[in-house]
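Got some structures for you, see below.
Each of the next two complexes has subunit A plus one other chain: subunit B in the first, subunit C in the second.
Up next is the complex of A and B:
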């Protein structure tokens, strides 16, 4: 079984045999290259003029705030991409679900019940996405695009375009984003869960088969549609949860939060992390590193004071440069393995 | 710098532009008496002296300060409305010998991105933060965090209750709507008026609509307001206003409370050739709006001075820091200038950087100054 913790590299192996064993196991991990690129980005900003400000617990917390919701949604999107599907509505699910919670809450239900119902609604969104995709054989691009618009509109109707103070307080509030690092815990939990599901369960094998070669997967008895529907449900669930946790952390349910930019960052994180855009293979841990990389770039350049007009130029160049480095390391990795 | 110590102890001689001296005492006095505008004016008077200052962070007769770096967080960083705001903050920084403030935040009004940018600025140990409070809850914790770390925070462009910004520099939205309502009442005594709004319920525009309704209720109760939801996309706003007008051709007036809808009204009135037959007006200075005021399609538009929303926060944060919090920044309403056919010409022709244009030339004074709106309060 492949080595799960790439960080072990930094320890010096005792013998050449052990080195070869660990080294080869490590090289087989597709997450290795994105991890190295992430470390490179981290080193770049640590060595920069704001290095001292970059390496503070407070700033790590800010970086966590950036990648937390991206990683949560990316965990679902990575699996969807592996299945050969995509969810363009995930960012709007993030925006919509907190207001679903509010609408239940405003009708007099208590917070825990409203929360459970809101989570169920978010899973329902994924169910509808998955059913339209599989029953009517409509491409997931169109299905979830439509769902995205629908949810955006519903958010405005539900919220009357006004932000509200989240009613979630106390212990429940702390669990759901109130405690300083709770968002990180959620992100790591979800990523770990999905990586395990991908690597060690039948579901994971089926998902890769469904995306890699749907026809032969179906003919070998895999219920491709069921796998896809389940993945849509999981993605929406994570998106809804991310919406609640992230916005409780911010301290405001806001109808302008999330949306397409959130979805793009999550999908980018998955693809940057090493998940094939056309399906068949991928990694959830890689998506987490992808999200961390994007967060470090965003935070680092904001910290250095890059002007907003130039910001997207810098981000664009940095992402492509990071990915070129990623491709280069991957090719080295394959060459070495041969 | 000559006399900077003694200048604190003794009465100062009046300053002259040629002398290039900028007395601290006069600045403090100006702040006490006239608030923001006077302070801006006296700082501008020091413009000539900043060129002769020999080190960064020293201007006029001020003590030498370090090169304080301020950060502006914004909710729509690439929106053209805020181009003058950025010019303003840079001009003020240059005037004070400071590095240009940073301009970050969200491109699409995403609050969590703004919070991230806000906290990143705190982590970067900037010397002051200016932020539009587009959300009533999200910025409370970061503001407290910044103040705790000794970083002054000023709200600009949008304000919210229950927050802890030292002050607010921007338009009083409700008041601007109320003034607009009084203007409408003076033009339309009775009948129907259409009022376009890009996002009903949004904290940025709804208070203006509320203000209009309140003023009309008080001054012209027989006017009926029909609200038109025009949507945030500029292309859709023209269609929405046209549809509404088709449904209510008897409307006596057509107004709007946001920039895009106002421009759409100007376009529509020109397109239908009904200029002069209906009253019309709105907010802000998009090109179609200015053209509309000039051609007579619009009776007026309201300028909220995006430039001062960048210029004054820098000045206020500088004074606050330099005086160790003695000069507390005054709340400043930047926006109730009615732009009408009588004063539109510099807006239309100057292409000034103050209003988002490219020319940095001095704009010539008009030969006479039109009467502003009459004062409403006694103080």
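Up next is the complex of A and C:
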């Protein structure tokens, strides 16, 4: 056919910036911009006055301790946000699940069985979140807020508000946080798994469709609710696993650990990494970069003696700036990447 | 087209099944379909048929029963009485998925596209090609590109997000997707609504190309009479749950159709 699509001829002249390779790559891969910011933060603190303290293996390990659990939970939250949902209870699942393990263990079950049951319980938490969300059509904000309070209370009941020593030792203990870098391996593994699931499986397409346009997804025959429930289950699974691994590393199951700060850091990491809060698009690798960035900033502030309170100020600014950047980049994408 | 001439205008006066001479040739045949919702009669003894390679325009005001009729043909509602034949075989449509599996595809007004996904993933939405658990991105891009070329749609790249496209391009993707699933009967629900003249023209040309393939029966639901006259072979007018007019477009005019509708308002 000879006719030309009118909107192509109406196309605005492209700016030189967007034409250049880097510009296009930045628009195409939304993780890239946050990676650059993360590298810049790393460079800033390594080259700064406290660079000698910053660039040690021990300090890298401290940074890992920060972002490990954030990244694990953020991998689930990113997918939930892409589905158009959120899990505010993930931080409390992190706190609660180790005590579930303890209660099975205290009833005489051995460690591996208690571990498996604790993991199943954490998936069950996600299942309940997902079912309440979809069956009763209650917003995930309310559903998981309630679940968060419920789990916080249950944690205190289970633990009598006292920390305990994890019973997980030996090889299993090393795998689950005992070995110095095992938490990093878990975080990278989960992030890689979820990024592959997002980019290269039907599940990823359905998650984006469920969040982007639930009606269209349903009309195409996609089981939107099933996709959402599965994502709630995965998020709770990762949160429970993060709770066990992180607290085995610390050497103490602590009822005051995790909670909403943990959840907010995970959600912030996902958002800073380029995942839209309203669903439809996002990246898991970006969430990892977001978590690493937040960890570097927190660690760098500590080393350089910046007031700890300033960290929250920076996170607040970073989250809003990341959202603004997201909106701006999306509009640029629409303009230049056709 | 002689069979249409013989039973052109007095459809509603002679209700009931109407076996035509080309009984087996119809891709879709609806005979004596009625549907009530409580006290409201939505459809009364509807007869409708469309052949492969034919474009049937279904006109009617809001509330005339168009959407009820579409929903019966697509398996969403069940008729109270009457029968439906697809490819000459009587069927009892259990669900939308069932109708789809029999080759009845519908492009709804909302198009069922996901803005955030690229063109090719929309094209294969819920019908993705995979190797084991993994998506075959390259193969889907290639096939979507070929299929879109075949129906003559200009899209800058199958990798582009759908939100970057115009209304006409989006409509074309939805149509091409429906055609690609080997549909025998394609229902287009107001494809020209909320579309500029130029984009509407592109869609009409696309419908025309689909007609020329000869294997697809198309039902075009529309408001705009002149566009219907341009592209349709035959027009059915639905008024108050009955088909009151069935004639080849060559033997009628926009003026006549308008007159029929105006007469409806005068009597109302």
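The rule is simple: the second predicted complex is superposed on the first by the 280 of 338 C-alpha atoms of A that agree within 3 Å, B and C clash if a C-alpha of one lies under 4 Å from a C-alpha of the other, contacts with A are read in each partner's own complex, and residues count from 1 in each chain.
The rule is simple: contacts are C-beta pairs under 8 Å (C-beta built on N, C-alpha and C of every residue); 3 or more make two chains touch, one makes a residue touch a chain.
On a predicted model such as this, the values are computed, not experimentally measured, just so you know.
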Now for A:221: first (subunit B), second (subunit C), both, or neither, which partner does it touch? second
One more residue to check, A:50. First (subunit B), second (subunit C), both or neither? first
A:307 in the overlay: touching subunit B, subunit C, both, or neither? Say first, second, both or neither. first
Winner on subunit A touched-residue count between subunit B and subunit C: chain B
First, second, both or neither for A:202, with subunit B first and subunit C second: second
May I ask you to decide whether A:254 touches subunit B, subunit C, both, or neither, giving the answer as first, second, both or neither? first
Of the two partner chains, subunit B (first) and subunit C (second), which one does A:59 touch, if any: first, second, both, or neither? first
In the overlaid three-chain picture, which partner chain does A:143 touch, first (subunit B) or second (subunit C), both, or neither? neither
Would you check which partner chain A:155 touches, where first means subunit B only, second means subunit C only, and both and neither mean what they say? neither
Let me check the overlay on chain A: which residues of subunit A are in contact with subunit B and also with subunit C? none
Note: in the complex, subunit B contacts subunit A through residues 69, 71, 74, 77-78, 102-105, 107-113, 115-117, 119-125, 135-138, 140-141, 199-203
For the complex, give me every residue of subunit C touching subunit A. 97, 108, 110-117, 121, 125-126, 128, 130, 133-135, 137, 152, 154-157, 160-161, 163-166, 168-169, 198-199, 201-202, 205
Across the complex, what residues on subunit A touch subunit C? 1, 3-8, 200-202, 204-206, 208-209, 211-213, 215-217, 219-222, 280-281, 333-334, 337-338
Can you list the residues on subunit A that touch subunit B in the complex? 50, 53-54, 56, 58-59, 62, 65-66, 69, 159-163, 165, 246-247, 250-252, 254, 256-259, 261-262, 298-299, 302-309, 311
